[in-house]
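So the structure is just underneath, and the comments pick up after that.
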Amino acid sequence: MNLLAIGAGIAAISGIGAGIGIGIATGKAVEAVSRQPESRGSVMQFLLLGGALSEATAIYGLLVAFLIIFFMKP
Amino acid sequence: MNLLAIGAGIAAISGIGAGIGIGIATGKAVEAVSRQPESRGSVMQFLLLGGALSEATAIYGLLVAFLIIFFMKP
Amino acid sequence: MNLLAIGAGIAAISGIGAGIGIGIATGKAVEAVSRQPESRGSVMQFLLLGGALSEATAIYGLLVAFLIIFFMKP
Amino acid sequence: MNLLAIGAGIAAISGIGAGIGIGIATGKAVEAVSRQPESRGSVMQFLLLGGALSEATAIYGLLVAFLIIFFMKP
Amino acid sequence: MNLLAIGAGIAAISGIGAGIGIGIATGKAVEAVSRQPESRGSVMQFLLLGGALSEATAIYGLLVAFLIIFFMKP
């Protein structure tokens, strides 16, 4: 039986959080940078830091999905 | 049995996050650019950066779905 | 058995994200353009860029649904 | 067995996103047009553009439901 | 077995989106029209346009439910 596939699929759902979160962060970043253009460098740095941290949660789900697909025996 | 199909379908759901997130980011971007038209370049750059990071989470789900459909044995 | 149908159906759900996200972006766009009518061109450009990125997430789900319906064997 | 019916039903759920999204966009549109009546033309144009992009995500779900009902063999 | 009933029931769930969305739009409309009573005509027009687009998503679900009930064989 292939319950493995269902498990991998469920793991991939975790990407929803990062998708929404990075969107919110980006939204606030463009707002900030358009109001204080001189803050551009700092904002970019923060967005990259926060985006990376948030993206990591999606990659955890991807990693679990990969482990299930490639290392578990059916 | 084709539980593979269900697994792939579930993986595709992860696109919800990026869909909402990019929408929020775009909303803030149009708001920012209409208020400070001179910030257009920066805003576009940030939106593309954030949009790409967010879109990636949807592509992770797509990748898992593809792996399930094409590489797992039923 | 036709678990394929259930898998395809689940994949189609991913359209929810883009539906909400594009709505949020459009809402902000009409707000922006009514306040600063002269920003119409930029706003349209950003809305199309963000809308396309967001719409893509729904199309990923549609793609997975199509793959399940047309390429997987029951 | 008729798992096809369940699959088609699940696909139809994707309409939730567009339903909410278009509502948000319409809400902002009426707000904008009542404050700046002279922006009526632009607002209408943006609402139709965004509404069409958003509505499309519901139609993707409808399309998948139709494919399941009419093209898949039980 | 009557999985058809479950499928039709699930399809009807899609009405949630339009229910919420039209509610948001109507809420903004009454707010707008009470602040600027002279904008009554425009607001009504926009609400009808947006409401129709949003309502359509619920009708898609209804359509799928009808198809399942009347055209699928148990």
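We just call them A, B, C, D and E in the order they show up, numbering each chain from 1.
Keep this in mind: contacts are C-beta pairs under 8 Å (C-beta built on N, C-alpha and C of every residue); 3 or more make two chains touch, one makes a residue touch a chain.
Since the model is a prediction, treat every value here as computed from it, not as a measurement.
A.B. asks: Identify the chains adjacent to both chain B and chain D in the sense defined at the top.
C.D. replies: The common neighbours are C.
A.B. asks: Starting at chain D, how many touching-chain steps does it take at least to reach chain E?
C.D. replies: The distance in steps between these two chains is 1.
A.B. asks: In degrees and to the nearest 5, what turn takes the CA positions of chain C onto those of chain E?
C.D. replies: The superposition gives an angle of 60 degrees.
A.B. asks: By C-alpha centroid distance to the whole-protein centroid, which chain wins?
C.D. replies: Per-chain C-alpha centroids ranked by distance to the global centroid put C first.
A.B. asks: Between chain A and chain B, what is the gap in Å from one C-alpha centre to the other?
C.D. replies: Centre-to-centre distance between chain A and chain B: 9 Å.
A.B. asks: Which integer distance in Å separates the CA centroid of chain A from that of chain E?
C.D. replies: Centres of chain A and chain E (C-alpha means) sit 32 Å apart.
A.B. asks: Enumerate the residues of chain D that touch no fewer than two other chains.
C.D. replies: 1, 3-4, 6-11, 13-25, 27-29, 31, 33, 35, 43, 47, 51, 54, 57-58, 61, 65, 74 - these are the residues of chain D that touch more than one other chain.
A.B. asks: List the residues on chain D that touch chain E in their complex, please.
C.D. replies: Per the stated touch rule, the residues are 1-31, 33-35, 37, 40, 43-44, 47-48, 51, 54-55, 58-59, 61-62, 65-66, 69, 74.
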